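Just below sit the structures, each encoded as structure tokens.
Presented sequentially are two complexes of chain A, the first with chain B as partner and the second with chain C.
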Partner chain A sequence: MISTLGRFTMVLALGIALYGAIVSILGVRRRKPALIESGRGAVFAVFGLATFAVLLMEAALVGRDFSIQYVARNASLGTPLLYTVIALWGALEGSILLWIWILALMSLLAVVIEGRRNREAIPYATAVLLSISAFFLFLAAFPANPFAAIFPPPADGRGPNPLLQNHPLMAIHPPCLYAGYVGWSVPYAFAMAALMTGRLGEEWIRTVRRWSIVAWGFLTVGVILGGWWSYEVLGWGGYWAWDPVENASLLPWLTGTAFLHSIMIQERRKMLKVWNLALIITTFALTIFGTFLTRSGILSSVHAFSESTIGPMFLAFIGVILLVSFGLLVYRSDGLKAEGDLDSLVSRETAFLMNNLLLLGFAFAVFLGTLFPLISEAVRGVKVSVGEPFFNKVNVPIGLVLIFLMAIGPLIAWRRASLDSLRRNFSLPLLLAFLGTGVSSILGVRGLYPLLAFSLAMFAAATVIQEFARGVRARRQISGEGYLTALSNLTKRSRRRYGGLIVHLGVVLVVIGITASTVFRLEKEVSLKRGESMHLGRYQVRFDDLTAWQEAHRFVVQGTFTVLNANRQVAEMRPAKRFYPSEQQPIGTVDVRSTPREDLYLILSSFTQDGASATLKVLIRPLVMWIWIGGAVMALGALVAIWPDRRVLVAEPVKERVAWQPGRS
Partner chain B sequence: MEYLIAALLVFLALTPVIAPFLRAREEPPPQPGHAELQELLGEKQTLYAAIKEVEFDYQAGKLALEDYQQTRHSYEQRAVALLEQIDRLSEGRGVKDARSRKEQSR
Partner chain C sequence: MTRKSKLLMGAIIVAAALSYLIYGGIREAAVYYITPAELHEKGASAADRSFRLGGMVVPGSVHWDPGTLQLTFRLTDGKEQVAVMHTGSPPDLFKEGTGAIVEGKYMSGNLFIASTILAKHSEEYRPPQAGQAQAKDLYRTLMKPPEERR
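Now for the complex of A and B:
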């Protein structure tokens, strides 16, 4: 029954999505409010149906209904409940179902929240959102049907991929990443609505600003959590491997970050109108490209789903998006002329423009490196991959300049900055950066890039702290508030600005974490007999025991190691190997002792059958925790930036009175 | 049972789609000029925020007097032009009359 109902739900939702897209356009063209409302109703209906489909799939998974092929492949009688529930996004078909649900939810929120404010744009945006939904619903209804039945049903299922049932982060990383990908559909839809209506002023920018930050925030959290999952689960001690699927998530993040900066130039200076639309189209297309890479099997990746037939459909969809969107952009190009010019090279506009060019350069290098195996295969008939050295060589210098621009951007005045302003803003941060470079050098940092990374991070942190400190001081002078009240009110009165600065602080933490954990990384692999110890850094690691036991869904072999620091026991760590019936190779389970200072990372490489000896790989990676904290700070900054401003909510734009007159402050 | 659930699903899914056609009163589509006015008012809000920001930056000691005066002047010039545009458009739509009536009644 679940199979039939599930498929029926997908087909019904597809029909309603197509209907809604068509009547929304017809309604606005023929000025028929009932048609527009009916299109809006379709958004509600699609959300309801998508929710029902997700619940059906969860019922099948939790009920272990092995007559559903997806359940038979991704659940088993022995799989714990948490991993059974999250098996929804553990494979291709289920992940598309989750995608559909998140898209339906985002569409619903967009229609409800923006419905009143953007009455002219909303039918077009609805049509675009429903068209995107229709594409994914088509996939779920036909080539990637998650409800496909299997006969006769097996007595037990295969269970999820072992890597996906090895860490609870799998419960939040994919949904966050999908929300980040899907979230860009809303800004894209409003950008398309602006192009369709010809209303190409700043109204669409104001609408998409908040939605872009939401998508960007989710994408940031998704990418950082992906790194964390990789670090905790894949067992190689790293968090980023420039894997094609990792790169695919970074691409829209880079172009999206560029967009979030360049829209400020459009708001303030009415410049970069074409650029901003191109960026939002590119970002959206890259989110679809990311799903294509993950789901087509075109490039091998530890994060990719198995090969499928839907790859060409994704390519066709990307083609249509690019053709229609850029076609509209060209068609409307007359109304997209810049109304201002760059007044000076020393201005915030220039800094943001440079930041945009570098982010795009970074994205292009990642794109090229990711697709290089395909390009080389097409040209030379051999798949040649470019690895970490290529990405680091190209992107590290770009990244360093980006940190520099991130530091100076918010401090330079719009239009032009005089020497006096520059001196006021940069004297102290520069001094601190030089001091930081000296301290880093004394602490043993060597090499141009690591030294630059630390000093630029210091510089950027100092500029952010200085901004907050000056703001608080000014508020205290004006209103006599206490420090905390002044800080709180400062942030509340300009959430976007200070939210952005908090994001910058998060980036600084991430940069420090990445640099320190790379530069000061220590590692050693040794075979130990029971009772023997090895030394690495300030730690002594002693092999105590090896135990093994059978669990419902796997066989576990676990080592026990005592960690000592200056002859004092600081931890007992238990790296393991887990043997799943469906996998030929065991899955390593690392044990990580995380502290703000450093991570101690233990990998059980191998062991003898009798358990008398084990080969252990030990890594010390300083400041790794600050990468995750930095990610959380970035998410917090995004949250501060999008938090609704009560003063704006109260103001009804059309009815409001003129509150300010020139010459009066 | 399967058919019953499917029928119920169709009914529930079609309700929000069909309901707008059955409603007696329809909300009229936005009037011409509504979007332009909203656009200008939104821009005015952005400009207003920019002026406050530049003022605050000056008070915080971030901007030199020369930069402050120059930036503020350029924003003010834009604001004057913008307010004139808003007034023209509001007059056209009768909003100004409604506003003055409202003010008189206070």
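Now for the complex of A and C:
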């Protein structure tokens, strides 16, 4: 029953999406409002059907209806409820269903929110969004049908991949990442609408900037949570391995970040029109490419948990997107002449241009490194991979220059920066940066890159804090507000600017966390007998006990270790191994003791059958927690930037009518 | 020179620097995938170079000493075998008779010193095989009455 109903829903939604895309275009071409209205209705209908399909799948999962193949593979009688519910995104077919739902939701929101302001663009954007939906609905209706039946139904299902039911982070990481991917569809759709209508001014930029920040925010959170999940679950003490699937999520983030910055130049100076369109097309294509990499099994990866036949379809879809989008771009190139011009090389424009160039260079290096095995095999016939050393060697220097640009960009004036303003804005941060370098050197930081990373992070943080401090001081002098009121009013006056600065502060925290946890990492692996201890850093770790028990869906062997610091007990840690019946090998479960200063990370590598001795890997990773905190700060900044302004609803946005001008003290 | 051409020059310099960085990175970090047979063919010429060696773990060849943390095993592609040595415990998914990829250096004397072992995680569901000991049987001795568990 569920199988037929689900399949029917998908096919019906596919038909409606195609119908809606066609009538939207027809309606606007032939000036028939009824058809446009019908296209708008299709968006609502697709959302309704997608919601119904997701609920149907959840009903099948929670009701353990093993006659559905997806349920039989990804749920079992013993699987806890949480992991049964989130099994929706545990494998290929369900992920596509979730993708469809998020896309349908975003399309609906776009049509409702932007419908009044963009009468001309909205039918085209609707058509583009529905076409994207149609592609994924086609996948769900035919080659990757989540509702496929299995006969005879098995008595019990296999349950989710153990790695996916080992940590609650699995509940939020994939949806965030998908929202980050799917979110870029909306800016892309409005960019396409601008190309189709020929209204190539700054209107589409103003429409999409908030949507882009939303997509970017979700993508940021998705990427950081992915690192956190990897750190907590995969048990190797790291959070980023330059794995193809991780890289796939980083690529649209990089080009999307470039886009968020370069549209500011177009808004201000009416330059870079072609560039911005190319960037949003690339970003959108990369989100589809990311799904393709994850789902096609073309590159071996720890995450590529499904090999399937839909790879070629994704490639064809990416080909169509690139061909149509860039074809339109070339067709419209006459209307895309820059109206503004560069006034000086020492200006915010130049800083942003450099930032764009480097972000794209970074993305290109990641893209090349990820696909290198395929490229070298195609060109030279040998399989050559470039692993972590390549990415570190190429991307660390680019990243360091980017941090420098991140520090100066927001403070350097538009058009032309005077020497005087440069001195005023950067002398204090520069001094602090040098001071920071000295301090980190005394603390034992060695090597050019780590020292540079810390001093540039200090520099960037100082510029952000100085900017907030000056704004608050200016407000207090004028209005006599308290510190917090002044801070909140300052931020409200120019949300995008201050939201952006908060994001930069988050990036600084992430950079500090990554650098410290890489440079000051300690690790040691030893075999201990019961009662024996080992030392690492300031800790002493004693092996106390090994116990085992049976749980509903797995068998657990857990070690108990006492952690002492200067002979004082600070924690009792219990790393374990879990044996799932459907797996031949155990899944390790690490125990991490996180503090703002450092993480102590225990991995139970192996143990003897009688439990008399165990092999333990102990890792110390300083300041790791600040990476996750930095991610949260970045998300907060994005939230501040998009927070609705009450003024906008009342009147047209007032242009920078502030007592105090950013970048000038 | 106009500002535009100055800017263009700047962009070209940056692009050139990036290309150089990428070129150098590839030269330095390229690791060749190789099979045991290919490694044998190369013989001494492959000595002291980094590779990614892939193959199946020969059943019965795994030896692991918890005291010294020395792990030794042999990898085969069905034609040739290569002895692999690694310091550290075997990863969770590592097992005799299954595929593994090791990264490291080839030494003369048909010995591969692996710095990393990547065990292939198989998605395929295989029901527990007859005669294969289950975890709960293997570690029954470790089970305690619930009240002793903390």
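Some points to look at:
We take it that the second predicted complex is superposed on the first by the 650 of 665 C-alpha atoms of A that agree within 3 Å, B and C clash if a C-alpha of one lies under 4 Å from a C-alpha of the other, contacts with A are read in each partner's own complex, and residues count from 1 in each chain.
Note that contacts are C-beta pairs under 8 Å (C-beta built on N, C-alpha and C of every residue); 3 or more make two chains touch, one makes a residue touch a chain.
Note that the structure is predicted; figures quoted are calculated from it, not measured.
Superposition of the two structures on chain A leaves chain B and chain C fitting side by side, clash-free. Annotation: apex chain A, arms to chain B and chain C, angle 160° (C-alpha centres, rounded to a multiple of 10).
When both complexes are overlaid on chain A, the residue A:R416 reaches chain B alone and has no touch with chain C.
Shared-chain residue A:D610: touches chain C; no touch with chain B.
Residue contacts after overlaying the shared chain place A:G201 against chain B, while chain C stays out of touching range. By the touch criterion stated above, A:L374 is placed in contact with neither chain B nor chain C. By the document's definition of touching, neither partner reaches A:L443: not chain B, not chain C. By the document's definition of touching, of the two partners only chain C reaches A:W549; chain B does not.
Of the two partner chains, neither chain B nor chain C is touched by A:V112.
Contacts of A:Q585 after superposition: chain C is touched, whereas chain B is not reached. Annotation: superposed on chain A, chain B and chain C show a minimal Cα-Cα gap of 18 Å. For the contact definition in use here, the chain B contact set and the chain C contact set of chain A share no residue. Per the touch definition, chain B reaches chain A in the complex via residues 1-2, 5-6, 9-10, 12-21, 23, 26-30, 34-35, 37-39, 41-46, 48-51, 53-57, 59-64, 66-67, 70-71, 74, 76, 79-80, 83, 86, 95, 99.
Within the complex formed with chain A, the chain C residues making contact are 3-4, 6-7, 10-11, 14-15, 18, 21-22, 24-26, 28-33, 52, 64, 66-67, 69, 88-90, 92-95, 103, 119-121, 123, 125-126, 128, 134-136, 138-144, 146, 148-150.
For chain A in complex with chain C, the touching residues are 73, 158, 161, 163, 235, 300, 302, 305-307, 342-345, 350, 353-354, 357-358, 361, 364-365, 368-369, 372-373, 382-391, 393-394, 397-398, 525-527, 546-550, 555, 557, 560, 577, 579, 581-582, 584-588, 605-606, 608-611, 613, 615, 617. In the complex of the two chains, the chain A residues touching chain B come out as 1, 4-5, 8-9, 12-13, 16, 19-20, 28, 31, 33-38, 40-42, 44-45, 48-49, 52, 117, 119-120, 197, 199, 201-203, 206, 267-268, 411, 413-418, 420-421, 424-425, 467, 470-471, 473-474, 477-478, 494, 497, 648, 651, 653-654, 656-663, 665.
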